[in-house]
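Please find the structures below.
The two complexes that follow have chain A in common; it is paired with chain B in the first and with chain C in the second.
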Partner chain A sequence: MNLNVIANPTGNIKSRIRKDKIYLGIIIVLSLITISPIILIISKLIIKGIRQINLSFFTETAPDTLEAMTALSNNEIIPGGILNGITGTIFMVLMASLMAIPVGILIGIFLYEKGEKRYANIIRDISDIMQGIPSIVLGLIAYLWIVKNITNGFSALAGSVSLAIMMLPLIIRSTEETLKMIPQTIKEAGFALGAPYHKIILKVLIPSSLSGLITGILLAISRILGETAPLMLTALGSPVVNFYADKPTSAVPLLIWEFYNDPNMVDLIWSSSLFLMGFVLTLNIISKRIAAKRK
Partner chain B sequence: MNSEKITKGVLLVASFLILIITCGMILSLVSGSIPVFNEFGFKFIISTAWNPTEDKENYGALPFIAGTVITSLLALIICLPMAFSTSLFIGEYFRGKWYSKALGTMVDLLAGIPSIVYGLWGFYVLRPFIVDLGLSSQGYGIFTSGLILAIMIIPYATSISTEIITMVPNDLKEAAYSLGATRFEVIKSVVVPSARSGIFASYILAFGRALGETMAVTMLIGNTNIIPTGLFDTGNTMASVIANQFGEAEGLKLSALIAIGLLLFLITGLINAIGKFIIKKFA
Partner chain C sequence: MILNNLEVENPVLSIKDLSVAYDKNAKNAVNAVSAEVKRNAITAIMGPSGCGKSTLLRAINRMHDLYPAIVTEGNIFLNGENINKISTIELRRKIGMVFQRPNPFPTMSIYDNVIAGYKLNGIRLKKEKRDHIVEESLKDVVLWDEVKDSLYKKGTFLSGGQQQRLCIARALAFQPDVILLDEPTSALDPVATSKVEDLLVKLKKKYSIVLVTHNMTQAARISDNSMFMYLGDLVEYGKTKSMFTTPQDQRTEEYLTGKFG
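== the complex of A and B ==
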């Protein structure tokens, strides 16, 4: 460290203080610029999207181009909603969660148990690198694995596999971090009573870290809810509500992409985006609340 | 004692699963891209051709690699001063104050916005703004994509830098204050030097994020298969070309897209590994 600068400051005290103030000013201005997009984006979505949100928005499937065009030319609000997107998103996220959460928690416990052993470090590094894989590449993978080989066509299953691979490293990391925060003594007390290892996991580790695990799961879900790119390559989209794992399925982000590409339905993008973002941010805030309560 | 072994076995098997998934991913991508590498060899990486016409098929990845690197570097350059200032605001100047916490929450929310919403906002707000400024006639291109990417990666760089900056020991800072240093001097000669490598790593990880972003870039870059030569040129990134061309892809073209996916996988993997390595060394 260059302590020389401090011991022999250049310039008199007035110019040094002035410099200090200017620097603080720059920091404040740049920080405010940094957060301005969030305010601009949310206000834009609310102003443009709130008009379209009503009951039928949640209970009807997306309109076709013709219906939208007629409504547009009569200067009415476009009919229909995004029900097929909402059900598709819930369906795929649920399947992805069923795949990723149990495995992720098991691997998290494994890493916590093994600590700094060599093999555990390799697994940890791999899961860290997996976390950085672009979602579109995961879409390609799910396409190669599921669409081409298992369902022989675009399917909800393929979509949820790509989402599950995305969730897995997030769950692993959050599980391990949460478990690390449990006092060793609780675990040792369990062992001292002669409890077998699986009982320690089920009755001590998981219950005492439950709120942390839920935070991690909610954050992971909020990360995959808005994913569009991998679903374009796997679930494709569907105009009707679908709950078959081997059939193409819509999702809210996929619908936004369809609306964006159709000049007649472009008005629907704002309300759908508002809904999607409201959903994601609410999950985000809930999970942070739970995390804050723990501390 | 038997249940003990079963439990340990289950945990171990679960850990194999992530190994299998990773190996399977690499294997599938490699085998999917074999046709295109058979056809064009490693010239695929340095070729600028992109011609899907039957019998004259010719593919090269260079324009997309260039597009990806240029947009991400631009995003990184824009992100640097912003994330640095914000992390000093939250982690040093106003640490623990309510408005600093509010700022931190807002930055976190920025990370929660889906990519497609950024794309829409970029398309309907940012792009017309750039046209109004007279910077480009359509508003599409490298600069618009770089700008939206910068907004998207700022939260990643900021949250890691903030964490590193708050880890700088108070003793060091107090020692400098006791010598009569101003806050600016403390930051310049104590905080930044001791948090340097961590801050550096946070930018590398943010850069890795920018490389793989798909939707927002696809909506803003203009989607032309040329190497961009200026800031306001249109182009295509590796992720955006996959998203755009995948729908009608078959045979050799599909293989070319998978090969681009493989390259993207390798590049982001490498960048992330470097970033994590630096952070590990630092911590």
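== the complex of A and C ==
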């Protein structure tokens, strides 16, 4: 024991306070470094993009390069909007969700039930590997399966399939993790009432983990909303609003890429990115809220 | 040697040479236990921590079937019928269980918790019938007056003692023959504990009760018969009164006088 502590308590406290202050300073600096990119990004997007965001941004399809050029030379804002992108994104995300959510939840329940069994571990590993596959490779696979063989051309369906494959491992994981958080005694209470197994899953486990499941789904959706690479190889893009699964379809990130490649449309990059970013952030915040409520 | 000095006529449960091990290499958590459980009475299972009380109790409604590694030997008869010949679904309807910690279903209302047994078994009832069962079961556990105005609130909003009585009501709603309770008051304060105890004494008119308890005075207060277990063995089984006044086995005596446990 350090005798100083007893002999000179105030001196010790002073040095502790000093240390505290130093640590606090370091933490503040590090936090600033962490959040500064996001602040920079958001402020840049707002400054450069807000000008373009008006009603027609949501109600009209993307302009062609000639319209944009005329507007630019007259010093007006570029006409049109990104309706074809918004509808395409919603359409493909919906289809992807319809494919990935039921399958993902079922596999998640299966993994939760089978726990440490060998085949369960294999499936868990495969799902982890899937999560690591570069998205462009998933695009290629969907291209080979769907574009080449099923829709015989670029299509919303192919885009959705590549997005669904991206969502699947996320949903499997989040389902298993949420179910694991339910106390075993709740499950046993169900069995002790003589309830058959499927009823316990449907009426006890799923309701008890609903908010966790929703959080996982929202996070998976916000993860795929911005995907561009796989869509380039599958949905391709389209100048019009399309709701046919077997036709090429636009998406917000695809539009951003197209705007980027057209010197006349550069202004639209910022507004579209602002929109996409806002959408993803909102989903993230909602899912965090739901997750927080559960605790 | 087991001092089984209890003659039970027309027992509700007969346990014959029951052994349970948590896996095939583990030693028996319950070791060759035989006992007959009296109808419309409270039978207490006592013993130091880890002696196999919960394991024995959970064998009675075949809860161990949920865990494939567990090895159960011997037989249990419910009203003379081998429980292994009854489907677990039917068996667990006849033998209700209440756990150590209150575990109402967190997403269900108080009302739905009480009739959860019916819901989870896909049994549809008319509204009046359901209302009647809910009211009767909640009255049985003396919870009705406290919750009758908040039946549609979540069960988890109740206090611990109320939740435990709700869980008992849930077990009663099916009108089982037997109720198994695993230290139902260990998470409760003295007031809530005495409410549950009064309730159990009242309930034995309708049901046969098997109660695991750590608490000797509780066993002495409310049970008719008592088992004393030690390291998986049923060491002594007899009328509670005589067991507490003149224990036959030295280990029982040491436990009851607080020398261990």
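Going forward, the second predicted complex is superposed on the first by the 263 of 295 C-alpha atoms of A that agree within 3 Å, B and C clash if a C-alpha of one lies under 4 Å from a C-alpha of the other, contacts with A are read in each partner's own complex, and residues count from 1 in each chain.
Convention: a residue touches a chain if its C-beta (ideal position, glycine included) is under 8 Å from a C-beta of that chain, and two chains touch if they have at least 3 such contacts.
Everything numeric in this text was worked out from a predicted model, so none of it was measured.
Peer 1: Have a look and say if chain B or chain C is in touch with more residues of chain A.
Peer 2: The larger set of chain A residues in touch belongs to B.
Peer 1: Touching A:E188, do we find chain B (first), chain C (second), both, or neither?
Peer 2: The second partner, chain C, only.
Peer 1: Which partner does A:L140 reach: the first (chain B), the second (chain C), both, or neither?
Peer 2: first
Peer 1: For A:I47, select first, second, both or neither according to whether it touches chain B, chain C, the two together, or no partner.
Peer 2: The answer is neither, since A:I47 touches no partner chain.
Peer 1: Identify the partner contact of A:P196: answer first if only chain B is touched, second if only chain C is, both if each is, neither if none is.
Peer 2: both
Peer 1: So in the superposed three-chain picture, is A:V204 touching just chain B, just chain C, both, or none of them (first/second/both/neither)?
Peer 2: second
Peer 1: Is A:L98 contacted by the first partner chain B, the second partner chain C, both or neither?
Peer 2: neither
Peer 1: Which chain A residues are contacted by chain C in one complex and by chain B in the other?
Peer 2: 196
Peer 1: Which bits of chain B are touching chain A when the two form their complex?
Peer 2: Chain B residues touching chain A: 3-4, 6-8, 10-12, 14-15, 17-19, 21-22, 24-25, 28-29, 32, 81-83, 85-86, 88-90, 93, 103, 105-110, 112-121, 123-125, 151, 154, 158, 172, 176, 179-190, 193-194, 205, 208-209, 211-215, 219, 239, 242-243, 246, 257-258, 261, 264-265, 268-269, 271-273, 276.
Peer 1: Could you list, by residue number, the parts of chain A that touch chain C in their complex?
Peer 2: Residues 183, 185-186, 188-196, 199-200, 203-204, 207-208, 210.
Peer 1: Sort out for me which residues of chain A touch chain B in the complex.
Peer 2: It is residues 1-3, 5-7, 9, 16-17, 19-20, 23-24, 26-28, 30-31, 33-35, 37-41, 44-45, 103, 106-107, 109-111, 113, 119, 123, 125-137, 140-141, 144-145, 165, 168, 172, 196-198, 201, 222, 225-229, 232-233, 253, 256-257, 260, 269-270, 273, 276-277, 280-281, 284, 288 of chain A that touch chain B.
Peer 1: Which stretch or stretches of chain C touch chain A in the complex?
Peer 2: 61, 63, 66, 88-93, 96-97, 99, 101, 103-108, 116-117, 119-122, 167, 170-171, 174
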